[in-house]
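Heads up, the next two complexes both have subunit A, just with different partners, subunit B and then subunit C.
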Partner chain A sequence: MNLIGNLCSSLCSNLEGDAKNREAQRTIDAAIRFPLLSIFKASIVWMLIATVFGLIASIKLHTPGFIEECQYMTYGKVEPIFWNTLIYGWLFNAGLGCAVFLLARIGGTPLKQGVFLTITTVIWNLAVVIGVVGIILGDQLPYKWLEFPSYTAPILFISFLGIGLWCAMAFRARVQRTTYASQWWILTALFSFAWIYSAAQIMLVCSPAQGAFQTLVSAWYAENVFGLLIAPLAFATIYYLIPKTLGIAVVGYRYTGIAFWSWILFASVAGTAKMVNGPIPVWVASVGVIATFGLLLPTTTFSIQFLGSLLSRFSKIWDTASARFLIAGVLSFIVTMLFKSFGALRGSQEVVQFSIFESGVNQLALFGFAGMVFTGASYFILPRLLNKEFPSPTLVDLQFWAHGMGLVLLCIGSISGGIQQGELINGSTADMLAVVNTMRSSYFLASTGLSFILVGAIAYNVTFFWMLLSARSKKEASTSLIEEAPELEYTAS
Partner chain B sequence: MNRGPFIFLGVFTILSLTWALVINKPIQETGHLSPIFDAEQGGRLPIGIKGGAAQGKLVYQEFGCIACHTQQVRVAAGFDLERGWGERQSVARDYLDETPVLIGNSRLGPDLSNVGKRQTDASWHMLHFYNPDITSKGSNMPAMPFLFETREIVGEATSRALKLPAEYAVADGYEVIPSRKAEALVAYMKSLKVTYDLKEAPKSNDVMSEELSVALENAK
Partner chain C sequence: MSDELQNHTISGVDEGLASDESILKTHTRIRREPFFVASPVLFTTAFALIIVFIFGWFYQRRYMGEQNPQMYLHERTDIALYNDWLERPRGPIVYDYYAIGEKLYTTMACVGCHQANGEGLPGQFPPLAGSEYVKIEDSTLTTKVLLSGLVGPVTVKGSEYNGNMAAYGGLKDQEIAGLVTFIRKNWGNESSEVTKDDVAGVRGEIGSRDPWTAEELNSYFQ
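Now for the complex of A and B:
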């Protein structure tokens, strides 16, 4: 448990008084305020954009006449724009924002070169914009989650190297030498993404592998974007937010190492499971199936740690916005992993392969798990960064419930709808038109879910910009609003 | 685990080993296939796509048709053969010339590996792209009217103009002409067919047992 103690003592190296600790934290926060706000600005706007595109794509499935005349908005363009803005726009920025805050706070020192971070993230976001425009103009690549035209890849990669370099330097600059799980996960995410992105670009675009094997690389990459980029950033955030919002150490923290290494091992292979019955050697897909099932090991550890911690302070969850988002995210994570692991078995893939099941599980993983966790973290970080109160707690509640309800509808529509679709397509010779007809209600349900999430995204944007633009009230200007209770900083170790 | 380099090295080792195992190894072992020359089946196999069809492949990619259509046939699972989507398993050699490959992983619509065999009629495809309702009532495939030009008939009607059924007809004195993109896309659709056999490609159980019995017969 001494790591937890170290984490906390890193934030306030002595306990002379809250005011003094808060003063130290404010210096740390002030050093990263500008880059962090620009990162969160980008992430929150991208969330809105991604949800709008997702909704358009979803509506097009049950009402194909929707925006039909426009050749820039075909389903085949809107759908990849949705996934790419969701990942590289919203979740990447949100995860990076959390990572920067965590590195600064856990490291316990004001970080330098914020301008460099700002510039690199601005370049990253410009590259995402170029990518979206490229897809609209018809330059998309046919690889899952790598649809951005090839000319955006160098910009994305170089700006990412800049971001990664800054984070590595930030990690090095830490005052508290003992590290905490959050830091491991952040380092992993940054390093892995540089690796998988460059490997995928080289093997798909620069010197492409032979036909069928491009699919293998693409499946490997897409699963790794979740397993080695988005999920690690979310884990980092959870490991930090649990002690912070609940005032307890993470239950069973000593098993973190097992979960960490086994997750990386299994997640880095899991993607090939998608290639079952495809035109590549059978054993490759089998290794993937085994690895995906193996992910249940770290998932069990995470579940015990996260749920054990959250449920032991259940009453706090309803009082704290961040903790509420956190538990929703953790529950989504567990459900996602169950679907992923059992859905990868050959027997299940015979039913659900090529259906919307997979996109449903991905939506649960991204909107539910990562989205909820990062949103919760932003509700923890923003008031501290700005020293302002939420302009309207009702809006925060609205976002939580809209996002949560939307997620449930979306999952019923896509996951159970996907199983139904798979049974019809893979398990019968039913006419495809009849399948489309049967699926219409599921598509409709998914659209309803996405509309709920859109309401949540609007509430999130309003909260954020209202908070950003409003002048500080007298109370906010004169005092520190954040009264970090000592029990939140120090934990029984 | 208090040192950055330790975590870095650990992650690096795991990632490079797993990459070597599941990506590099299969590509090194089986990813350097070459085409087969078989005079009986029409020369070089696979038969690549050329000319207008190759242009059409770009259109297919541009509009993201891959979001709903796969181009792979599975034998071991599913009802791909029964649905008439193909006669044998798609194998790596079939995709030899494809860069980028358009295999796809979502079947909101039917598989297209052999659509050129199922629908040989170019005008069917034209009508289907202009408005899928004409050919497949109730489909949720998006119409692509922007691939066509509705223009006034000057003098005689063009022979390329779509022959629209009465309820979808445009105003009198107007006709719908497919653009170059539409024609390329149709050429691509018609080129999508697997007309040759490969030794390594499994077929349905019935066909396989039949072939086996013939081979046994010959051996005797």
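Now for the complex of A and C:
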């Protein structure tokens, strides 16, 4: 058991001789290896934790007696822990990991101050741990996706400022003057999260807004966490991985600007659509509905770009782990946006507003779209960081299919179950107990889906730690493991 | 399973098929290409833009809500003034029944059968001008026929008619009153005006029923 030795050999590879470009890439990768590995380590462990809490919360819906004697594991605590670890634990770290890799690689220069990035991300993750413990102890706040106790907010915010500062410096250090869509999206995510998080904290916690306005701020923030933080990081990753894994330019890249600006325009106000029929002026909710429907415009551009690129190299999808996750993520994105846009209309909200529909769509957006894309990217990045192969491609395969099957079950259980629940509750003489009994099968489907995803998460963890801790084989110790990438040809359209 | 399918398994490392620098440079060149060319992305984006614009336009017309001045008043004196204005004394609504009836008579089906001059069509549709059913002192007869219709043989001004007068009970009280007033005061008829309240009384008395026959209404002429 030479664990420490193996760990060190993973972290400090010493490979001689290679093509010149590959050598340059290796210096770039080596500069960010330590912070990036710690970020991915955190994200992968958080994914397991989030899925476990999600499964417990889901089981409690159809079997209320599950872990009922433990006062720290009531539904009211487990459910916010699930969402918060999912977002600030798994997806934030995974997205940040992808962003750091993209900034370094597209920037084309070894980045400095890796230690600073490591320290800030460690502080961020400690703050998330403190937040989870705070929720367990009963200090949680009542706002959606802001349940972490108020004392974690300054730590999270300051560590995020550190992360953002590092990324901005990394962007500034780029060699080429021109920029790529991935970099736009990363900067968008960083700047807008600083904006929405501080705005929400000030208006909800520091000096709370009066009355009904609080719910409006809360709804606006929760939608923006997806629209202006998680989704932009995922778009950045997709724009980078398509040429990288398929060897073609993104189809219709000329029109990326339309999608970029219209997404920012519409996504930043889409959250107010949740306030339909709420105690606010009707035009506020109507602007939100129009903006949510307007998201179909960038969604169309993205769909044609991404699907057009992926389908034109369909055979690659089955050979390449990351491309396979990528297409699943893109398909989830399209389905999510259709549900979001048409679910925001007043007619739909009359049915689904107070059902599990919204939570189902959010799970599809986070587990399906962002989760699939970040996981695929990590399967592309990790072998390059560690200069190792996947220890077992079967495990990667297993995670893909378990995650995908889990998503389908979650969709059927939560989204179509949510529509059914809304219709049942809308009956004027609804017997709530009968409704809950009818919904039990949908809850059970959602639990089954989450346990599939849990299997995937375990496979992901095993792959990652196996890869990190195993000794290098002879092939892996040589420099020929990862070949130099060819040039991307420009073909005039 | 064929060999081709079996070969499609994940390898140990995902191949990178484009170098980072070439990704940046190639896409930068693509961004300099002309914008308006026949591209599926541009076509679908334009289509989505049109759909979103049309939806947004009609949605904001339907759901932007009324602009209530009270929302913008913050001085208590202004709010009090506005409330006083809302509660200002308002008199009863005065209807010009003849004008209402004149407009309805020409825009509805009336003019088609009974004609613009109120003479009807000989042998098919009875006249209104000089008709005993219209000129009669007790206006409830005319109101009843208009509300519930009239079927079967009927004698007007000495001629036999066998037609079918449709029921117009779906009209509002002031509209029925307008029509009755119009035909009772036009074409040389000089009978009394009928008001909204009169119609409401008749409507309440007969309820909703099948069309009348001439025999049922005979009592008016005895």
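Convention: the second predicted complex is superposed on the first by the 463 of 493 C-alpha atoms of A that agree within 3 Å, B and C clash if a C-alpha of one lies under 4 Å from a C-alpha of the other, contacts with A are read in each partner's own complex, and residues count from 1 in each chain.
Note that contacts are C-beta pairs under 8 Å (C-beta built on N, C-alpha and C of every residue); 3 or more make two chains touch, one makes a residue touch a chain.
Since this is a predicted model, take the numbers as computed values, not measurements.
Room for both subunit B and subunit C is found when the two structures are superposed via subunit A, with no clash between them.
Once the two complexes are laid over each other on the shared chain, residue contacts for A:305 go to subunit C alone; subunit B is not touched.
When the two structures are aligned on the shared chain, A:250 is found in touch with subunit C, with no touch to subunit B.
By the touch criterion defined above, A:209 lies against subunit B but remains apart from subunit C after alignment on the C-alpha atoms of chain A.
Once the two complexes are laid over each other on the shared chain, residue contacts for A:122 go to neither subunit B nor subunit C.
By the document's definition of touching, both partners, subunit B and subunit C, reach A:178. Touch criterion met: A:356 reaches subunit B, while subunit C stays clear of it.
Taking subunit A as the reference chain, the count of touched residues is higher for B when subunit B and subunit C are set side by side. Contacts of A:281 after superposition: both subunit B and subunit C are touched. For the pair subunit B and subunit C, the model built by superposing on chain A gives 7 Å as the shortest CA-CA distance. The interface of subunit A with subunit B overlaps its interface with subunit C at residues 178, 281, 346.
Interface residues of subunit A, counted against subunit C in their complex, comprise 21, 25, 105-106, 108, 176, 178, 180-181, 240, 243-247, 249-256, 258-259, 281-283, 286, 289-290, 293-294, 296-297, 299-301, 304-305, 308, 315-316, 318-324, 346, 379-380, 383-384, 389-390, 393, 396-397, 481-490, 492-493. Every residue of subunit C that touches subunit A in the complex is listed here, in rising order: 8-31, 33, 35, 37, 39-42, 44-45, 47-49, 51-52, 55-56, 59-60, 63-65, 71. Chain contact summary for the complex, subunit A toward subunit B: residues 60-62, 64-65, 68-71, 74-77, 79-80, 135, 138-144, 147, 168, 171-172, 177-179, 184, 187-188, 191-192, 195-196, 199, 203-204, 208-217, 219-220, 228, 257, 261, 264-265, 268-269, 272, 274, 276-281, 284, 287-288, 346, 349-350, 353-356, 358-359, 425-429, 432-433, 436-437, 440, 443. Listed in rising order, the residues of subunit B touching subunit A in the complex are 1-4, 7-8, 10-12, 14-15, 18-19, 21-23, 26-27, 29-33, 61-68, 70, 72, 74-79, 82-83, 89-92, 94-110, 132, 136-147.
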